[in-house]
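You will see chain A twice below: alongside chain B first, and alongside chain C after that.
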Partner chain A sequence: MAESALAPAIAASSSRFRRVRRPRSNRDDTAGILMSLPAVLGLIAFIAVPFFAAVALSLFNVQVNQIRPAVFVGLDQYIRLFTDPVVSGAFLRSLLNNFVFAIVVIPVQTGLALLLAVLLNRKLRSVRFFRTFFFMPVVFPMALVAVIWRLILDRSSDGLLNSSVSFITGGLVPAQDWLGSSATALGSVILLSIWQGVGFQMVIILAGLQDIPEERYEAARLDRANGWQQFIHVTIPGVRNTLIFVLLLTTIMAFRVYDQAYILIRTGGANENATQTVLYQATNALSADNNLGRASAISVFLFVVVVIITLIQRRMLRQRSED
Partner chain B sequence: MQSNRAARRGGLAALAALTALTVITGCSSAGDGNQSGAGDGTGPIEIWAHQGNDAEVAALQATVDSFNSSQSDIEASLRLIPADTYTQTIANTPADKLPDVLDIDSPTLASFVYNQKLSPLSEYVDQTTIDNATPGSIAEGTYDGELYGLAQFDAAIGLLGNRSILEAAGVTIPTSVDEAWTADEFADVLEKVAAVSPSGKAIDLREGGFSGEWGTFAFSPLLYSAGGAILEDGRASGALDSDASIEALTTFASWKPYVASGQDGKAFPSAQVGLLWGGHWLYPNAKAGLGENVVALPLPDLGNGAKADAGSWTWGIGASTQNGKATGVFLDYLLNDDNVNAMVEANGAPPATQSTFADASLYQTGGDLALWGEQLAKACAADAVTDACVSVYRPMTPGYPTITARFGSALAAVYRGADPKTELTNAAQAIDSNFADNNDYK
Partner chain C sequence: MTTLNLRPSAVRRRLAAARDYLIMAVVAIIMVAPIYYLIIGSFKPSEEVLNGFGGFLPVNLSFDNYLAAFEALSSDATGYFWRFFFNSFVISFVIVVAGLIVNSMAGYAFARLNWIGRDNVFVLIVLLIIVPFESIAIPLTWLMSGQRDTLFVQMIPFIGNAFSVFLFYTFFLNIPKSLEEAARLDGLGSWGVFLRIVVPNAKPAFATVAILTFLSSWGQFLWPLLMTSDPAVRPLPLQMSVFSGQLPPDWGEVFAFGTLLVLPVLIVFLIFQRFFIQSVAGSALKG
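So, the complex of A and B:
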């Protein structure tokens, strides 16, 4: 997941060199083709083929493991996603959930990651310990995180969160069904997702922060800039490109949220209507309805949504090269 | 540059067309009506089974080993597949690559028959073996009037009670299925038991699993008990969203204030609550925690008699076996008294052959789970429910995955306060829509 997300950044940085034209010999070409072959074959086999297969499958009424022939239905699967009352209710709700998730998670998680990174970019004695500590949830698989948070969010008055709230407020607030109630279910999922994911963005921003030359801060201090001014005028511009990358990464991750929703709905009693996501709908179309065509249509639709949002973001935050 | 890009586009389009072609033809040519062959009753046969717990695996392996050493004509080899991916593995294996013998989770049997992956048993298995099967084993193995599966063991569902808590609460304890608590009595029992239970709650429903298979397995019988159903004449509308079904889930949701939410399953064995909605596989743990205090009870009766689900793994023959006679000999051996007894000793399940069931002390008069044994003796299929029958097997239809997913979602939503009529109507429409998409699985 991290690798594929890093690919655009690598492509972006290498595009700088593409302009340089050099006379190339045939031998260079052959070697180049040979060396890129494993990666290209991998991309074709694991990205291009499944993607085009999904596009093709979305035009058919086709079941997994079915001996009966697939029936061509054109755009029917897409139309039904939005008009068939049986299908569209859950699908549109999951789309809404995805957007709410993204709108909350993208700014909060990026902001929090920036804050943590700045805090941990100090020369403290125990800074290594804190960096490890904040990065740790990233190492946990989402399944484990979901199971832990299932206990924290337990609806009984003995649940960790409920007993803490009751202790802090002196028993004024009664036990809440954090995952089950439609008002708090998505919020709970957002909370645990940020807790799990923030360390990853933090580490990337931390790396960006350490690239900012110390001289700039010295110069700023000579100009009597206070800490806030240094942050706004030195730190932020210094990590601008890193922040843009993190923002794009978080956006993509926010739209493919699945694991925690699935685990909490299936085993944690989470409110299905309030926490289902588009990917959850896609897998549900397969596991519950055995409908490969609809699952493919949902995946293709999600792809288009993510591409559009990424393009808009890139246009708004056009990457400036520093020099 | 321009021509380069055009060439690239052309390449992509070609790739897309190629993929589409492969995918579509791949899907339609998967099976061309594989036919099984009887063979001469000798040679190697291959067996696939899900990997149960260690004791079950050991019992099955011992059966295969002793089968091989008991005769020299047939050489059986066993391959174990992880349980959580087993059904998917079978579903994704083309019929001609399936083994001679395989075990099947009974609610998925119909979809394998529909996809021509199983062969009818009556041709190869001895008639005495079929006659010895319990009515439940026949019910969960029959689809479209033909027998495709025979089980070694069944599953029993009911309430487990903590006798001392129930007595402290001053409630009458049912001693037979006919004495099951009615809806009103059950509400009263929950209130009284909650008052004397250390946790302040009365029952553990294992609510975390409502939207999974547990929801359908444990709570769909409430519909039958109230006079409703999941399907009627192959349609969910009119059955799943009938007034009786709505009433059943309304009653079910009213129990929530008395339900312990613990996710660890320890509330009942540690005597924090007085009741557990559970199955035979939870009994050993409860017995270890509560000893002689454990008592098996029927599920509440919502009007048409107490109903409970049943059904577990069953054995079938692959559609493309060329060694039908030999597989029949193996299944006869697998389902004889010694091997069935070895298996149920390993997993504590109720046996699914009549001769072994008669000797299963746990489920016969005097045994701790005798009442659940009584339930299993009165079994019926989901499309033939009567007032007299107690164990209702899950609907035998290739559309079962849709049914269980929709019912589980509706159950979980209703439990959390959603309107039962809306939820059940939506579920019924989604199920019918899936059936329509698949030409009613004809």
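So, the complex of A and C:
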């Protein structure tokens, strides 16, 4: 192909024969390549190359700013994540935290988002007013959310949550160290994450609900289905694919948790062991241990988890279309 | 209430509506309470912020915290108050504007132009959508270690965005082809068709991508944390964490800073609310 110099001429001349429809004409070569080039180059440089760099670095024992040459260690970094007593304790705990986060957040946040979306979809009066409030936290940067909630969850009896609990129970329950105690620390992080994220899922589900044709509800009512039966037999199947998508998003999000964990551990007195995440381990390996190889191995591991979740979701969607 | 309908079905409907409003009101209070706490706290004396329910009372309000935060952030060591806002504005602005340009062009090239290697490159783009930035951030710090502590390093990785390309692509596919064909018959080339026909007809797509990009770039935390240590290039969310970690913390000032941090997004959200919500919902359904 003479795409460089001749292409504009070819493109110009062939455009006159548009209506002739020559199937193999490549008349947009120059424009196509030039238009896609900036984005494609950026993506290659800042996503694809670092991805392969992560894979490569994870196979070496390599440090930042070190004169000592990198030593090839094969899969040793990965094996050590799971077996080396020095490393694996914190790493496995982080992995467990991410799993617990996912297992709690998926049903709670999706369920709440579904409930709110169904309520908003009833088209009661002033429903948009409520929608605004439900969605508002979504625009809050997580760094700010973490700081606000760090005060709400403050361990002193002056913390808002402690005051509320004390008020409700008439002073029976003493002030709790919500973030510092290993029993409640992760739950606290989950709570503020749901507060920030539920509006996001809600509007996605709401859009799915609005796509369900009204005739299906009418048909169900003709069959004398009550509200609950309509919900189970019309609403849920109608938003099935949306729900699968929301589950995917939520699961992936649960494995990418970082900002709130970092800020609460570093500045909010959160229990490090109970709230650290896989990504927190990765940045720690880099900043505290100067171990670029291990940090990269954790990054690749994180990527593999996300890909597996995505593949499972694709499979679930495909099963649906085969039904 | 002479018109009160007392048929059983009407009563049931009213009860159901009352229950729905009650649930929504409770949730709305939970959603708004932390926001109210932030804003009212930013106007209260610092020792009254962390003070049980007292933190909720709108008493003793003043702008003192805003002035004090400005004073507290006015040296090279702490960084300058306005500098953090300037940094975040510049970073977000460049990412959004440059991103709209390069990703819309690419989306159009994939959706409508016929060029060599297009389909293979498109498969690559779709594959890149699933790579989370978090999983490549660390090797990227190593690759870009020469650009540490610059604004440049905080923008450049986020301009080309696979998901934005995909959103533009799906939108452009749905623009009637006849429009473009007519323009081509009038002698417009690929660039002309894109600039004069496609872009003016794709305002919703540009709005969606702009909103989503702005939201994520304004809140960025991990990347600046990894790549900056100089307060002169530090963006707002990172400064939020630094500021709140100072001992002893001054909660009034921290909340004043936090309020100003979120104010631009909040204002844009309240004005373009419908777009925000449609953007988020629409992006998900296409993805």
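As a working rule, the second predicted complex is superposed on the first by the 262 of 323 C-alpha atoms of A that agree within 3 Å, B and C clash if a C-alpha of one lies under 4 Å from a C-alpha of the other, contacts with A are read in each partner's own complex, and residues count from 1 in each chain.
Rule of thumb we're sticking to: contacts are C-beta pairs under 8 Å (C-beta built on N, C-alpha and C of every residue); 3 or more make two chains touch, one makes a residue touch a chain.
Keep in mind it's a predicted model, so treat the numbers as computed, not measured.
Student: Output check: A:150 vs chain B and chain C. Expected answer is one of first, second, both, neither. What do you get?
Tutor: both
Student: First (chain B), second (chain C), both or neither: which does A:273 touch?
Tutor: First partner only, chain B.
Student: Answer with first, second, both or neither: which of chain B and chain C does A:190 touch in the superposed model?
Tutor: In the superposition, A:190 contacts neither chain B nor chain C.
Student: Scan A:84 for contacts with chain B and chain C and give back first, second, both or neither.
Tutor: first
Student: Quick one: classify A:290 as touching chain B (first), chain C (second), both or neither.
Tutor: So A:290 only meets chain B here.
Student: What is the contact status of A:57 with respect to chain B (first) and chain C (second): first, second, both, or neither?
Tutor: both
Student: When both complexes are superposed, which of chain B and chain C contacts more residues belonging to chain A?
Tutor: C
Student: Who does A:28 touch here: chain B (first), chain C (second), both, or neither?
Tutor: It touches chain C, and chain B stays clear.
Student: Looking at the overlay, does A:49 come into contact with chain B only (first), chain C only (second), both, or neither?
Tutor: Both partners.
Student: Which residues would you name on chain A as touching chain B in one complex and chain C in the other?
Tutor: Chain A residues touching both partners: 48-49, 53, 57, 64, 150-151, 154, 156, 159, 266-268.
Student: Which residues of chain B touch chain A once you look at their complex with the stated criterion?
Tutor: 12, 15-16, 19-20, 22-24, 27-28, 30-31, 91-92, 95, 115-116, 201, 207-212, 260-263, 401-402, 405-406, 409, 412-413, 416, 418, 426, 429-430, 433-434, 437-438
Student: Within their complex, state which residues of chain C touch chain A.
Tutor: For this pair, the touching residues of chain C are 16-17, 20-21, 23-25, 27-28, 30-32, 34-35, 37-38, 41, 49-53, 55-56, 101-103, 105-106, 108-110, 113-116, 118, 121, 124-125, 128, 130-143, 145, 156-162, 165, 181, 184-185, 189-191, 194, 215, 218-219, 221-222, 225-226, 236-238, 240-241, 244-245, 251, 254-255, 258, 261-262, 265-266, 269-270, 273, 276-277, 280-282, 284-285, 287.
Student: Going by the contact rule at the top, pick out the chain A residues touching chain C in the complex.
Tutor: Listed in rising order, the residues are 1, 3, 11-12, 15, 18, 25-33, 35-36, 38-43, 46-51, 53-54, 57, 64, 112, 115-116, 119-120, 122, 124, 127, 130-152, 154, 156-160, 162-164, 167, 195, 199-200, 203-204, 206-208, 227, 242, 245-246, 249, 252, 256, 258-259, 262-263, 266-268, 279, 282-283, 286, 292, 295-296, 299-300, 302-303, 306-307, 310.
Student: Within their complex, state which residues of chain A touch chain B.
Tutor: Checking each residue of chain A against chain B gives 44, 48-49, 52-53, 55-57, 60-70, 84-87, 89, 150-151, 154-156, 159, 177, 180-182, 265-269, 271-273, 284, 287-291.
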